[in-house]
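One chain, chain A, links the two complexes that follow: it is found with chain B in the first and with chain C in the second.
On to the complex of A and B.
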């Protein structure tokens, strides 16, 4: 593929070494010299997997693992929805398990899917977008992957032995608390790798103002995670010490989830949705075949959305809207809390409006990525609107399923956004293009399921249904809405399973994948599909935020 | 020579130390308390002082490490590598087991915290080993652009540490697990098991000595079977617990180094002499009687 202006090749990215002892000649160390390849791997493919520091491989494993976590969490959520929609006299699940499942569903979607999926996508795409040869701290990224995987296994094991929030097994709960710390810490290490890559490994000419929107959104999101999630770790450490040695501060296991509820409630829940704006922002101009309008405003909107998602201040207490009974430290009336919830609509609206303006000024071509990008943006907009309504005190929505509906919409937006990202960057991730038709249908199914589930829970919440799946908690008259919510959850699960199947089918297909099937605007499309080792033969130099953009991008895509 | 990175760390350390002193004086600390780091006198706000002093110590440590390893100093690297020239550095391309080992160590540490302090200790040990190995490998990875040369540099630094360390760890592991087996078996049982084990070891060693052509994989397999057997035996021994020991010296010790015979006879009568799982230990002279 031709390198288009204003992209220009440049000199070696490594500064010319000044010390006289450094040369391009391998030292005479008594061993084979001059080898540029990897050291001999004595343990075959397994050794390659376990010992890898390759950002693409780590990213693929993060992404794959996160979808396993997603399916598990969605199954638990579906069971809870079915439980909620069943008649009072019929209970499919043991009462003792319900609280465990509530936490498994909500925390699981964040810790086992949302963060690792985004980090996986970032490991795959961010180094390419910023023109780096690798991710920063590749070995730390590998450690974060394995620590996350093992921590997730222990996290699930904690539930299986009867622990976790609401669990009756003390050791199981200890295990759950420590595994949660392990999982969050590993994700923070991965975040540090991504953030450092954007900050420190950008190629020549790529100022922060020229960083592609997905990479910029990961910089913002990673920074927010690094700022806020250590508070969750501190929470967990405190709870663990209390639970293990005294049970004086937080009492029995039932108080664990209310203490951690801020992680899955607004405004913190928006921290997982920041990259949705970046994904949409990168996809829309490519399919509109037009330069992104007001690029700097898009960057600012993503930054503002990030600032409005800092929710660690809410950890002093829950707004009393989930399963907690009463909340003396509630922040429901806090002006900052209310202001953040209301203002969160604006940056999302801004990014979507700029996207619409870009599409209006270009020649829109349709495909699975643009369908997913637009749907994810719209679902996220719905989530922020629901969040703003949630804090309107006279409506008295606290403690109802309204907040759960908003959570479902936010996570739904993220799932659709990640699916759109996978379809868009598939040539770089798997070295294959994914079929467009199924991609559009599956994005629509997941978005529809999220909207159904979220809207039904919002409506049930407006009718004062409490946020508890326990039998007897269902308010009369909303059974139909609960059934719709369950149907929506089933639709999302179905869509996600179909997405996994479609990806596997495409990976087994043997075809000739073009380097740039879309006529992309950013640097990842300037390298091979899949990328070569080191990503770029020569470090590129960029002169604006869309180095590969030309007005005839469609023609370039065919080259 | 103090490197640029080390200067940064030393600067942070100095800043944190001064900040700790200022905070201390601002919150009613005494001069003696500040100068002695709280050893003899008040330091004011204990939490803030401790955090700042911790930062100072950690930064100082990092500065020393950075200076000692002369990070990114090509001349120093050539000295360690024992070479005249080095290829230009590039991102590390090789495989490394330490990230995954570190992850497993953390998992072991977590499991140990919940179920078994011994596992926690093992997890901590493995985390420390991983940190050391990882640091050395990462440092060597950045030395040159040639993975083979980097491996040679790393080996030159670490092998003199690894071989005695691994030997010590191996001996400690053998002693620990073998002792668990011995302590869980009866007196005659332990003699029988280890007589058989000793004969097996001699037999295998003789076989290998007389057949130098024995393939490496066969020797590895035999050693693996032996190691796994020892570990399995040790774990079973830990779960079975030690056999009963009766401390004779605690009753009627006459101060001459000999146990009270009457008390010994009494205990022997109570415990019976025919039990395989019982042993009577005279702690004064180290003899064990069945």
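On to the complex of A and C.
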């Protein structure tokens, strides 16, 4: 059995919350993370919302906003699936609108859901996990939230006035391009805040090797975003200047999405899935009630997965590539591209294997978080396997819906992972424990929907269904698969709406939430639920990577 | 008459001495370094497209004679920014020695040089006379995007330096703790390096 004797922890439960001063960056406008003891803002509740520098409040707003973006993107995706399955008969949407919706669906899932949801979760959890009183650069974090919100609204407005990739309105497209720059820049600022928190605000004794896996995965993911998304900004700046003044470099609107396609394709798409490994890695040992062996290997696996998700090189027309109709990026034969796609399976497999080893060595208890964690890991494994198959040249899958299926699986893994994270950290996020039963069902529904949708698109791709929403592009004989994909997308949408309803219902419930309902192993469980201002009564000191772990965690758990 | 015993100087820390404070996290420097990395990647993306297009275009990318990019103003701009790199380092040296007068003086010189650079950039753009939608549209899009990004970075560096100088003016920074000014100086150097690369790759090599 993998359980080792507990190491000493100097962390005591929070008795008398007082502010601590690990950093001088704590904003003056900082409020409590919980409900008790909120200082009064002279501008009232609205002022305290708009002017907050509190990491928990910013995180909750990022998370809430991202779920609005998720629902919108899923609705668009569902309409596209329905359109694809009925392309031979009735077309609900015209050609321009179809191209707009393709970009709205794929870019929207990344920019309006994936990154802000993860950053929101990180703002909420990372400071607690590393023993910090707040997030680094609280005001910059707040600025990133509001810039993202405004940018997202303009981004959607760009589509509504007929702009965006494939749109016919030139000014609308200019608006969309500027809004995209704004959204990505704001997310980069937020990423810098999270990365700086992990690098600079770790409590005493917490070396990088002892950082909890979710925080470490956000360090890796944030670093990868900071390395790659500025390249997307460079693309957008060039496209904007060209589109507005010349249309000489990229032509009209139709070249915008191919130029930005690398952001939503492999290997870059894995950059949004890195924290899935961290979420699973933090949840599994707690529910297995065991210390994970080979902790350093988990950290390394997450780091390797991050390195394999650097995809900014996979752009249109890079030197030495032959661009063809079925391979618009000209990367089918690129050894680096092929190697990264194949190797991406290994770190995911490694983290899951270590999770299985931990469960085998412990006393597994079941609950919504571990159900979601395992499902998200398995769906992500499926996505990486699909990605590896995608680059097998004799199969000739480029340009088919195979890549779209892989995208759906990756995003599905992320949605399930985020849901698992919300259920796990709900006491710290909302000060409430979410009901376990519905959590398990909803995780299963979203995972099933993602698998259905992804598998159907993979199968359609294997049958040479082109990745094009244009009417008449559907290959005969795959209509049933397109219908299955639409059913899967509907299932995911249903599950997400139910998750939102469950969270709202729990928030309205008035109950006494224990500080540590799971017998958690990391520092966030040493804080109150919800955490008080400053998070910790005094700066904690940790001596190993699981400072709260005891072999008798079940007895410690308060549920 | 009593004899005062000479004080014994020792580097042995007494056992009952209080523990040293933990090292203060250098958040502003970390955040600045991350921002510089992000800017570097923006330039990487821009230059990747630039070199690709230039390679595809072949000879005559930037024409000789009328309509070319004059090297002299671009070189003067390089010298101006190189001088600002020296004066901005003077800011760091001065605050590290608690010399507040020199801090303000050197920060002022640095900002004046930056304004001169912006003025020279405006002159160069006029001398080039390239319209984005004109004869050299592809080159103009790329060159204006790259040089514009560097100007944006320099303006950000100016704002950063002004804010940190105001903090110094308010007495916030000392010889022991001047992290904010150090970060502003670091960012300034990055903006200078960015222009040096532009000068070498675009203005000089053509």
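By definition in this document, the second predicted complex is superposed on the first by the 503 of 559 C-alpha atoms of A that agree within 3 Å, B and C clash if a C-alpha of one lies under 4 Å from a C-alpha of the other, contacts with A are read in each partner's own complex, and residues count from 1 in each chain.
The definition used in the following text is that contacts are C-beta pairs under 8 Å (C-beta built on N, C-alpha and C of every residue); 3 or more make two chains touch, one makes a residue touch a chain.
As the structure is a prediction and not an experimental result, all values here were calculated from the model.
Legend: residue contacts after superposition of the two complexes on their common chain; A:85 is shown touching neither chain B nor chain C. By the touch criterion defined above, A:529 lies against neither chain B nor chain C after alignment on the C-alpha atoms of chain A. Contacts of A:133 after superposition on the shared chain: chain B is touched, whereas chain C is not.
Looking at the shared chain after the overlay, A:50 reaches chain B, while chain C stays out of its contact range.
In the superposition on chain A, A:151 makes contact with chain B only, not with chain C. Annotation for chain A, partner touching more residues between chain B and chain C: B. Contacts of A:200 after superposition: chain C is touched, whereas chain B is not reached.
Chain A residues in contact with chain B (one complex) as well as with chain C (other complex) are 22-23, 25, 140. Residues of chain C touching chain A in their complex: 22, 25-27, 30-31, 34-35, 37-46, 48-49, 52-53, 55, 132-133, 137-138, 140-142, 144-145, 148-149.
Against chain C, in their complex, chain A makes its touches with residues 22-23, 25, 136-137, 140, 188, 192-193, 195-196, 199-201, 204, 226-228, 230-235, 237-238, 241-242, 245-246, 248-249, 312, 315, 317-319. For chain B in complex with chain A, the residues that touch the partner chain are 74-75, 78, 81-100, 102-104, 106-107, 110-111, 113-115, 134, 138, 144-149, 151-153. Of all the residues in chain A, the ones that touch chain B in their complex are 14, 17, 19, 21-39, 41, 47-48, 50-53, 133-134, 138-140, 142-143, 145-147, 149-151, 154, 171, 174-175, 178-179, 182, 186, 533-534.
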